[in-house]
Amino acid sequence: MKKVLSVLLLAALVCGTVLCTVGCGSGKQQLIFYNWEDYIDPEVLRMFEREYDCQVVEKLFTLCEDAYTKIKNGSRYDVVTPSDYMIERMIAEGMLAEIDVSAMPNYKYIGDDFKGLDYDKDNKYSVPFMWGTVGILYNTEKVTEPVTSWNILWDEKYAGQIIMQNSIRDCIAVATCKNGFDINTRVESELQKAKQDLIDQKPLVFAYYVDETKDQMANNAAALSVVWSGDAAYAIAKNDKLAYSLPEEGTNYWFDAMVVPKNAPNYALAVKFIDFMCRPEIAKMNLEYIYYSTPNVGAIELLDEEYTSDETIFPDMEYIRTKCAVFRDLGEYRGLYQDIWDEIRATN
Amino acid sequence: MAEKVHLTNEKIIELKGINKSYGSNKVLDDINLYIRKNEFITFLGPSGCGKTTTLRIIAGFEQADSGEVLFKGKPINDIPPYNRSVNTVFQKYALFPHLNVAENIAFGLRIKKKSKKEIAEKVEKMLELVGLAGYGKRSIDSLSGGQQQRIAIARALVNEPEILLLDEPLAALDLKLRKDMQLELKKMQQQLGITFLYVTHDQEEALTMSDTIVVMKNGVIQQIGKPTDIYNEPKNAFVADFIGESNIVHGITPHDNVVIFGGAVFNCVDKGFAQGENVDVVIRPEDFIVTDEAAKSSVVNGSDILRGEVTSNIFKGVHYETVVKCGWYEWVLQNTISHEKGDRIGLRVGPNDIHIMESEITPTPTRTNLLVGKVYEEGVVEVAGHRFSCPTTGYGEDEDVDVVIRPEDIVVSDNEDDMFTGTVESCIFNGEQYELVIKANDCEWLAYSDVVRDEQTFVSMSIADDVLFVMPKETSHGAVNHFTATVTAADTIEICGRKLKVAAPRDDIGAVVSVSVRPQDVYVVDPGNGVFEGTVADVEYKGIYYNVYVDCGDGLICKVRANEEWDRSEKMGLYIHPLDIKFD
Amino acid sequence: MKKKKNGLPILYIALIIAFLYLPILVMILYSFNETSATGPFTGFTVKWYESAFRNQKILDALAVTFSIAGIATVVSTVFGTLTAIGIFNSRMLTQKIVTNVTYVPMLNPDIVTGISIMLLFVYAGIPRGYMTMLMAHITFCLPYVIFSVLPKLRQLDPNLYEAALDLGARPGYALGRVVIPQIMPGIITGALLAFTMSIDDFAISFFTSDEANLSIYVYSAAKRGIKPEINAISTVVFFGVLALLIIINFRKKKEN
Amino acid sequence: MKKKAKNIGVRADVNNRNKWCAVPYYVWMIIFIVVPLVMVVFFSFTDSDYHFTTANYEKFLTRGANGELIYVTTLLRSLGLALIATLICLIVGYPVALILSSKRIKRSDLLITAIMLPTWMNFLLRTYAWMTIIGRNGLLDTLLALIGLGPVEMIGTNGAIILGMVYNFLPFMILPIYSVMAKMDHSLVEAATDLGANPLQVFLRVKLPLSMSGIATGITMVFMPAASSFVIPNLLGGNKVSMIGNTIEDQFKSAGNYNFGSTIAMILMVCILLSMLIFNGKGDKEEMIM
């Protein structure tokens, strides 16, 4: 009797499990979009839903390392927007599906400058989404001197007023740039120097943030911060005492592109979605919402002067070409970077 | 005792060879019994004796490890409790707290899907039966212990079981309520004609209510019988002790109908014990007869008076409980006489009131080597082909003697040129050392060793001189007491002025005869209770026992075999049973 | 005299309670703040309540939180009660082993439980989502139910179950009609504990699922700078829980 | 003498079949408790190709550029912060339990409910609320500025982390001590007073020793979650002060190094088990449930 009951219960459990998995999705087809936090105009998604009669489920990541780990361990998404170096790694590890750009009428709007980039030379796996720079966002009331160099982040005047990026590549890049090293350096001595600099800097740092930085800066909580250009523009829009500067030593400029993982549940819809995102008016909406530069030349034409003249969003291309570099996948040096990062994090 | 109920011989329950263990703890050991229809049977015993387990096996809550439970002749071992027509009243009632009184009683009926009307009627009837009419809507918590008890009984009885099992149902009630409930339960049982199986540790309860009592201890049935039988004829000291209050002492039975205990000799009605057997003697406190310290005795060759001093005297409501210290023993007696502390009194017990039972503890016999030897010459004794020097005073040359060699005096070794060589027959560790049985010179020797020795291996022994105990042969002249006596009547002789009854009738009145008495037939009793009185003159250790020489005055020395050493000049009485006096 | 003596201790208790409620009051206050969840209070508004109930992500997170908590509570209560009955009737050795293993999720830090179950899902190839979160929640709720019910079973008069059988009840009937009503307080305590644990959980959900429950939503929202929407929704949840507790207490009083 | 609960240790045969009720749970327990733990142990001793190695444990002992043990320091910092928070909870919470359990306080049941009520609110939300208070330009500094003090700028410091721990876990220190003390037989106190003990002696000789089991439970219930916390250092510590929980999170979330992550988890588990043995001895674990 009791045995029967126990078995019944177990059966009920299993049934519930199955029913729930099946039942949770509504009748509509689904697109799972794995995106950075705060990285798209939600209205865009609603528009896509209406147009294609589907449901867009947006999942969020803070760091593209997190996104990589999840996909690597079997989580399934249709469209992901990782950064350059991570795309390079994912291609190398065979995690991405090829995207047939010829089937995408709007692909033509992507500027030629953004095609054939190092991380995806043949444009087979990715369609650029956003691009930007890393620079210093500062409060002009607290920092009266001109901000031209990364060295200002080591100035003891600003102790407790500095916010650093809580992200392995971006944080280490600040120190390599400051020292004039390649941001993808694999030279042990250069990395050790960069590490020591960051450890030395730690007492001056108020916090290590990623997405929090823009609000903290807008609230006048700190004087200097390392941010992505879009966050800088967003913060400046909220607080006009803020300014954004690209240091003379050069910096990292980056691309986030849309990719489709091999295990994507709905490849066809994913391609439609990427194409949708390439529409100039959609790209424009996104830029106006998140303040990052767009690779979409069609969109740039539509933009107001207010945006196109903003150097935070559209920096001097000469500076980009001469001083900036894109992150590359580090291959076997990833472990070394991680160890350095662990040590910086652990030191107090 | 309760009035007799008409009992048929129909067996309603039969237990056959029930065994039950919890882990290594054996709680029931080969239980065999039967319960007759309409019987009020009580399982009586202390905590952990297995009485409740037996009840639970009958109820079906426990499974016997082996054995059979028969209900009306059919085995019910595998029938679950809910299919047995047996109902139980639990010790703490086990009433369902979330149901009210009526719902509790109706529980079983509801399961049997009886109609609402029938249930209501039966519940009402039951409430009336237990005297709680109108209590149906009450909650269980609002009832007193006694009321809960009645509801528990009602809840069981409403199912019309063939047997009602009651597991110490009155244990939680106070004395007054318990007494009332005892009577009521008995009345109920007679009225309803249901078999009651009652478990209790309260002997009084068992005696009051039962038709049959089963006394249990350590999972073993000690005795089954009617209350009067159990009380009057307890089978062993445990039963005697458990049923009613008892004085239990060690005693010896020289012959049938005679027992020695407490330093006095008593007539009794028990027979069949071996000569000189160690027994337990049970005396109920109310069976003592208080007499004068110097009262006359009716026992032949001895006296049945226990003499002692009152050490306490407590009034117990209906009787006095008096403790009298007589020598080593303290006796508890109950009677209506008040004594002063310090009073010296005498105690007697009628033959019918002495209950003799086999002793629970049989003294372990002293293990030693008893060998046949021969006096070779003055101061030399030959045993097993070897000659030992030892005193031989009192023995003639070539006289056969018994020789005791204590095992601890044997030195075991491997030297081949030792006194004796032989092989190990067995080697057992006794907790302190190894006990060896060695076969040597056609004799089996008991010896001790500190090391283990394999069986069938070679071993040698040596024995020092002067450690031998030489004793006359049982049959020899020197082994027994020889007295010169005068026949004074057909059944009486006189030794040194003391009159002794004898068993064999004599017609040669006035003749001087020689009589002999074996030392082991002379029993030590308190001074004043024996046929001879004397003081210890000498004590001689004989390896297994002591020979005590008692000087009875007038040149009369009596040899007594004793298990313990006596101090010299200690006073004692000696008792000799008429049957043990042999004419030479 | 006595009253005077009580002053200091009562002040102390008041301070502690103030400390415990301060952040909650602040949070409620800021749910009515015109501008943002941090910074100065700029003006009174109820707009965040409206927008909170229009924010699909918040509503999704709430739905996930409460549906997981609800299902996990029901399943772990039923499953845990049966288990407790089973454990209680097992051999001593079995009881010891099982209870000690069952302590593990209670004694282990959440993060360790979280990553260990995550490892299981990753290597069993089970995509992490709603179901994985539910299973993880059932796993850590079960011990609370089991250990709430077990003591009640131990206190229970063992004869009650036997009495029911004796009166003709089959084991199922006896358990359902006699044992379960008796251990009900333990079952309810266990269910309440399970519900609270599930609603409040962050670390285990964080590692075992891609779905966002309220905690995970707040965690990621906190990084972006929380909008007072979150304050609004937590104010509602807080008063909901408060009301629930008051109702439970009230019912208890009534029964007594 | 009455026989007491004869069923202790021995189940009646009739209950035997009920033991099958627990069998489904055994399966569940093995799948969701035993197997995951075994996996943690397994991963901690293997490399990414599932080969046995102790390299992960060696890595735990890595020294940094300045010669300090990176991960060990983090672990010790976590245990240290947790210990401080636990002590503060004990010092602050014990008097609360003592006062509430005293006969003089009426409605102590209501007060203890009031103390436990905040724990019903989402843990993340409560922690987040503190960000509003102690954050840069937050409520605390604003208020202090009004009276001409501060700013204290607490956020991003060890102090903020400890505050977060104390706030979140204080009720779990108070409750077990209170329940032990509330159950305490008041006649013991009366007896001690009768025997001439003054109030301080009554406390030291009677109340304190008798409340030890509650203290042990409280310490466990505060120390364990505090030492393994990673949300509090994230939100209140500005990611600047890294605790062992953060390191585990990093390894599993970003670095994707499950082997090393498992190793740290193993070490954390052992540390917490050991400290619990020290605090709790053979204390009754069931007390952890109210």
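Which chain is which? They are A, B, C and D, in the order written, and residues in each are numbered from 1.
By our rule, a residue touches a chain if its C-beta (ideal position, glycine included) is under 8 Å from a C-beta of that chain, and two chains touch if they have at least 3 such contacts.
Given the structure is predicted, the values throughout are model-derived calculations rather than measurements.
Undergrad: From the centre of chain A, which chain's CA centre is farthest?
TA: Max centre-to-centre separation from chain A belongs to B.
Undergrad: When the contacting C-beta pairs are counted for B-D and for A-C, which pair yields the higher total?
TA: Between the two chain pairs, A-C has more contacting C-beta pairs.
Undergrad: Between chain A and chain B, what is the separation of their C-alpha centroids in Å?
TA: The mean C-alpha positions of chain A and chain B differ by 95 Å.
Undergrad: Rounded to a whole Å, what is the gap between the Cα centroids of chain B and chain D?
TA: 63
Undergrad: Between chain A and chain C, what is the gap in Å from one C-alpha centre to the other?
TA: Roughly 36 Å separates the two chain centres.
Undergrad: How many angstrom between the C-alpha centroids of chain D and chain C?
TA: 17
Undergrad: Give the residues of chain C touching no fewer than two other chains, as numbers and ranges.
TA: Residues 38-39, 79, 82, 122, 135, 162, 165, 170-171, 175, 222 of chain C each touch two or more of the other chains.
Undergrad: Two or more other chains touching the same residue: where does that happen in chain D?
TA: 12, 14, 17-18, 20-21, 23-24, 135, 137, 252
Undergrad: Quick check: what residues of chain A touch more than one other chain, meaning two or more?
TA: 2, 5-6, 9, 73, 209, 216, 219
Undergrad: Output every touching chain pair, sorted by label.
TA: Those chain pairs which touch are A-C, A-D, B-C, B-D, C-D.
Undergrad: Over in the complex, which chain A residues touch chain C? Could you list them?
TA: 1-2, 5-6, 9, 13, 16-17, 20-21, 24, 37-38, 59-60, 62, 70, 73-76, 209-212, 214-216, 219
Undergrad: Could you please specify the touching residues of chain B with respect to chain D in the complex?
TA: The touching residues are 22-23, 47-48, 52, 56, 60-63, 80-81, 171.
Undergrad: Show me the residue ranges of chain D that touch chain A in the complex, using the header's touch definition.
TA: 17-18, 20-21, 23-24, 27, 62, 64-66, 68, 70-71, 73-74, 77, 135-137, 153, 155-156, 238-242, 246-247, 250, 252-257
Undergrad: Which residues of chain C touch chain B in their complex?
TA: It comes out as residues 157, 159-160, 162-170, 173, 178, 181-182.
Undergrad: Could you pull out which chain A residues touch chain D in their complex?
TA: 2-3, 5-7, 9-10, 63, 65-66, 68-69, 72-73, 160, 166, 168, 192, 195-196, 199, 202, 205-209, 216, 219-222, 338-339, 342-343, 345-348
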